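Please read the structure below before turning to the comments.
In order of appearance the chains are A, B, C, D and E, and numbering begins at 1 in each one.
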Amino acid sequence: MAMLEIKDLEVYYGVIQAIKGISFDVNEGEVIALIGANGAGKTTTLQTITGMLSAKKGSILFEGTDITKVPGHKIVSMGMAHVPEGRRVFAELSVYENLKLGAYTRKDKQEIAESLERVYKSFPRLKERKNQLAGTLSGGEQQMLAMGRALMSKPRIILMDEPSMGLSPIFVEEIFNIIKEISASGTTVLLVEQNAKKALSIADRAYVLETGKIVLSGDAKELMNNESIKKAYLGE
Amino acid sequence: GCGSKEAKNEDAFYIGGIGPVTGDAAIYGTAVQNGAQIAVDEINEAGGINGHQIEYNFQDDQGDPEKAANAYNTLKDWGMQVLMGTVTTGPCVSVADLTAADNMFQITPSASSTDVIKNDNVFQVCFTDPAQGTKSAQYIGENNLAKKVAIIYNSSDIYSSGIEAKFVEEAANQNFEVVAEEAFTADSKTDFSTQLQKAKDAEADLVFLPIYYTEASIILTQADSMGYAPTFFGCDGMDGILGVKNFDTSLAEGLMLLTPFAADSKDEKTTNFVSKYEEKYKDTPNQFAADAYDAIYAIKAALEEANATPDMSASDICDLLKDAITKVNIDGATGSGMTWSATGEVNKDPKAVVIQNGEYVGM
Amino acid sequence: MSKMNLKTMKKTTKSNLITYAMVIVIFAVVQILVATGSMSSLMQGLLVPLCTYSIVAIGLNLCVGYLGELSLGHAGFMCVGAFSSAFFTRCMENSSMNPTLRFIIALLIGTAVAAFFGFLIGIPVLRLRGDYLAIVTLAFGEIIKNVINVLYVGKDENGLHFAINDSKSLNMSGTGEMIIDGAKGITGTPRQSTFLIGVILILVALFVVFNLVNSRSGRAIMAIRDNRIAAESVGINITKFKLMAFTISAAIAGAGGVLYAHNLSSLIAQPANFGYNMSIMILVFVVLGGMGNFRGSIIAAVVLTMLPEVLRGLRDYRMLIYAVVLIAMMLFNWAPAAITWRQTHSLKNLFAKKTKEVQ
Amino acid sequence: MRFITYLINGISLGSIYAIIALGYTMVYGIAKMLNFAHGDVIMIGCYVVFMTMSGMNMNPLLSVILAVVVCTVLGVIIEKVAYKPLRKASPLAVLITAIGVSYLLQNIALLIFGADTKSFSSVVPLQNIKIGGITITGVTVVAVLACIVIMIGLMIFIKKTKAGQAMLAVSEDKDAAQLMGVNVNGTISLTFAIGSGLAAIAGVLLCSAYPTLTPYTGSMPGIKAFTAAVFGGIGSIPGAFIGGILLGIIEILGKAYISSQLSDAIVFAVLIIVLLVKPTGILGKPIHEKV
Amino acid sequence: MAMLEVKNLGISFGGLRAVDGFEMQIEKGQLYGLIGPNGAGKTTVFNMLTGVYKPDDGSIVLDGKDITGKKTIDINKAGIARTFQNIRLFKDQSVLDNVKVGLHNHHTYSTLTGILRLPKYFKVEAEMNKKAMELLKVFDLEDEADYLASNLPYGKQRKLEIARALATEPKLLLLDEPAAGMNPNETKELMDTIRFVRDEFDMTILLIEHDMKLVSGICEKLTVLNFGQVLASGNTSDVLNNPQVIKAYLGE
């Protein structure tokens, strides 16, 4: 059974339909890439999965449980984390407080401290700036914080919305290494990226979204060699 | 009855009332509405005015001149022939302007400013503010009640500031000195510690309170808790203080007031009115209720005097009543032998009462 | 110029014309009803107040909807407009001035004085954001109310006398006449406001705000609202345009005050008419009618001013029902769920137009 | 000496403003809305105490506890019915709805309890304290203590507890807070519950110190407390405390030494001046906006 | 003389020295890149250039005029316009109006003229519309002229921001990560647009970008910031091959 199963999902903004019936699944331990042009509906899909938006039709199964109607905060405590588009850090709180909030659903102080150390190890800049207000961080620093914060919940599956946006080239490499590490440590990853090339290079499988529909899917390496993909998303 | 939807009762006088039954001054409007209702019920039960029943309709003005005009127009649509109202001065002035234009007879139970009776179609049941201010000062002076007097008044209220001005003016002619004039406003009427402290510091042995009893009840409590015990002296707005639910009436011991009405009066008119009111509204009537009660009787007396009939227009009735009211003489809850002068003012005697053992006692 | 652009211009122009037309049609209908005697006294008495509140709501909408600043002091501007104009009218009452001319001058004075106070209060506007501004405007309104309640102005052959606290200190000669008499305010202002004047003022106010918001200055004002930092970065003088918008908004409220003052013979400054409660009431008109939607403001002002009067039949329950209706209308107009519901059921709701566009 | 008396009176009044302001600021700080119905929740709390104490002779403490419970429940219900549907709408829309709720509460009270003034007997059994020529009432002592305890309690609650951290997260970004696993609706309900519970306590003290009660009792202190909260820096808990106390002192001293007629004008003028010098109030944090 | 001369620029936030001893010279017509690791201080340099922050030390001279520490508005009037790292559009105004706000200081009439709709109003408005539409056409946005700005897709919002900045007729245009959030195809298109703007409007452009394709594709000169200080500066290819730059920024 797939870890995450989306079936015939339809999502609306008011009367505008953003997702027009998509189905896909994510198996435990996989890295799945979701790619598509601007406005294709990638963010909408992720937001619907974590309960920030509600689906009009269709269902979302997480480890066999139907979470379509489950309130967002409960989904998080079921083991799902989300690095949102636009970072969404708590601007008036310090870096440390932001990270602490990431572990909101967890109880064991010892384990939380361990996670914190791990995050600081992946993102040394955050450790340097742990008392700085998150709102004053640079764009890239905020992106790191958003990622670190999501990791603090020790999720079994993590949804990432354009984690490499605004990062320096060297750090883009780094972030993809971190994603690989996360995956290697057993966490399932659903990755939305504009940097399709990089995303496909680390993904197991991928889905291509166009104006609210899935138009292509398959093995990531194969898709990388698909001519139309190359043309539309890899800029070759 | 409410509004124009009902079929008009051809054989009844349509008397309207206006006052605040919601909003900050609701307490006064409600009293007037109820007091008048008692009179209307009595009259209707006893066979009406020259055999004609009264239709009575009371409209809310929230204490606001503009809403009062709306209330007045509503009553006009309903078919009002005589207006009993409005309760407070500001709205009354704006309505008086409208009644003058329509030539509608108007008698206000409690709007006490002289501006109210500028037009010849408007009459008052209560004393005018200047009269109360002057009479209070005279009474205090003539009876040697005090050497030093402090005043606490509501500067945002027409009634209160009107009396205060005249009181101070008259005080110059009296044998006491005004040592403190302290104000409060509609927006800060819960804490009087400062005003009291200043009165105390000025060594006032009498504090004049030309205000309503709502605020007075706090003043008495706060004075007590700061150990200040001068004589308190109020006007007609003070009446009702003993009726405040849960009020420790021992605090009001010795409170003097110049008022035409005292709910504890033993005369027949008052006891009748008070018992009916208490039965119907589970509450002790205050000055406002009594004024309204008398206002309805004044209208009745004048209508009878003029031999008016319900088929007359409001304007015709007004012409008759303007004259007739100056000829009537009624005994009411707020005084016996009340008469009206053509200027609109009432002639009746204020009674000076003092609260003793939780009761009003005439002085 | 491209076709698209022409279309834009047409869309706003059309909407503005509809608003003007709405006002004129209502005026005509009312005139017919009055002429044929089929309008109740209540409704006739309400005509001028309806205009007053529509005008003030238009003014406040400029501030809230376009400048994006919350003002809880528009009753204060209305108050200064009312008192200054009534003061002028009463001073000139016994002069030989033509009453119409006198009214026009009173109107200009009321508007100008309110504008002046708007300008004064506008200075803190520049430094404060959001709710801090709200509280400063609220404070302003309360100060005005308090000061007017203890202000005494009298007139005698020696000219005007001013005093704070009591009328004695005016030292007037015996023949003097009080004009502003403390808490009693101004009494006996001639009732010159008519529905026609009210409608003309509404049209003028609409003309001013429509043309303002569709001009260069209007765009600057909206740019400040939408993104202050970006507006600065394209060289917009924040101070100037904020002040301008706020001053115009206050001036319009002042004009409403003039209409108010000349509709009642008793002008007093009380919590009920010029307190923060009234400011909030006007804000209710603006928000319910849709921020940035002047037509909505007028409709909301009319509906909500009439509602408690229409509910008079319900007696003791009327204010209760009024509160319930207000909450229900707010939920229906603003709750995202309700908006979606309306969109999906394509209910043409006048109030909701702007909301939809903004969302 | 006299000055000290005035000062004490000011602190007494101020501490009551402060307690109300704490509730205001709490709700504002977290839910980002001006709950204009707060003053009316206070009024309802007072009526509960009035009815149970003087009507049913209930023990004062029990009666106050009952009032806190009633107000808490009321606050939560109001939030659920009137504010929650507007969670994603403009904050102004919520403000207006709050005003509707305020009218509603006032008129319900008017219908149930009538317009007449009720005299409220103090729930504080303490005797007045006399030091030299200065009298401090029992209510003052209790109000000041309550105010300090509540302020410190709230500060610790927000800084140290998980629920407090959740509130901070919700106040900044509801969606992001939800992504942390915070129950946003629950947190806002909790905020309203605490704010309304505080309103009950504030109301009881208000009416004990200034013993009259009408359906409109809550509205003016509510506005004054809102002013106090802004004065101190809205959203800031110690700010609400300082703002409340200062407002009370300014009001009393203004009345005592400048003019009792103009005391409202004085209070508001000081407020404007303070905001001109410090645009975010005394303890308000400047807004960080990274460009 | 250089179009922009920055000398010894520095600023601290609390204890953090965000930019220190920063120097830069941009010649008229140049396409200049400012790159560096995250948090190096690039946006902060932009903020000082545009008056959002007042520099603690150093000087900024634009076209011979000292603009150090001036207010944002004055700096814009002096000739610097910018876009923002996180897009700042006038969301509730139409696309066309966004650009017209940019034209504010160059096509003027008084408020009263606007309210009274004097002939000048119509004349200037027509000019503004024409000018704004021309600008929109450059960015391929003319079909969306009457959309609300917030309804545009992300990539178009970035372009609109550039169009608005250009409308203020600057001498120097600052772009903060114009390609962020764009896919490779959109980035390519953007590169063409930037080049076009430079040629067509005779513009001097300074941009911050992490997308190396864009940087190497269009920038003529580069300055690399690291921890607030200039790490390297010079011709694009030289800088990009600088081992220090590779180590600190580019990787591999």
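Quick note on the criterion: contacts are C-beta pairs under 8 Å (C-beta built on N, C-alpha and C of every residue); 3 or more make two chains touch, one makes a residue touch a chain.
The chain lineup, named per UniProt: A, E = ABC transporter ATP-binding protein; C, D = Branched-chain amino acid ABC transporter permease.
As the structure is a computational prediction, the values presented were derived from the model and not from experiment.
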Show me the overlap between the contact partners of chain A and those of chain E.
C, D
Those chains that touch chain E and also touch chain C are A, D
Farthest chain from chain D, comparing Cα centres?
E
Label of the chain whose CA centroid is most distant from the centroid of chain C
A
Where the CA atoms of chain D average out and where those of chain E average out, how many Å apart are those spots?
48
Whole-Å gap between the CA centroids of chain B and chain E
73
Centre-to-centre distance between chain D and chain B (centres being mean Cα positions), rounded to whole Å:
36
Contacts with 2+ other chains: residues of chain E
43, 52, 84
Which chain C residues sit where two or more other chains touch them?
142, 145-146, 149-150, 229, 316, 319
Send over the residues of chain A in touch with two or more other chains.
136-137
Among the chains present, which pairs are found to touch?
A-C, A-D, A-E, B-C, B-D, C-D, C-E, D-E
Quick check on the complex: what are the chain A residues that touch chain C?
12, 14-15
Interface residues, chain D side, partner chain A - complex:
162, 165-166, 168-169, 172-173, 175-185, 285, 288-290
The chain C residues in contact with chain B across the complex are 40-46, 49, 142, 145-146, 149-150, 166-168, 182-185, 187-188, 191, 260, 263-273, 275, 309, 312-313, 315-316, 318-319
Okay, in this complex, where on chain D does chain E touch?
291
Seen from chain C, its contact residues with chain D in the complex are 64, 70, 124, 127-129, 131-132, 134-136, 138-140, 142-143, 145-147, 149-150, 164-165, 229, 276, 280, 283-284, 287-288, 291, 316-317, 319-320, 322-324, 326-327, 330-331, 333-338
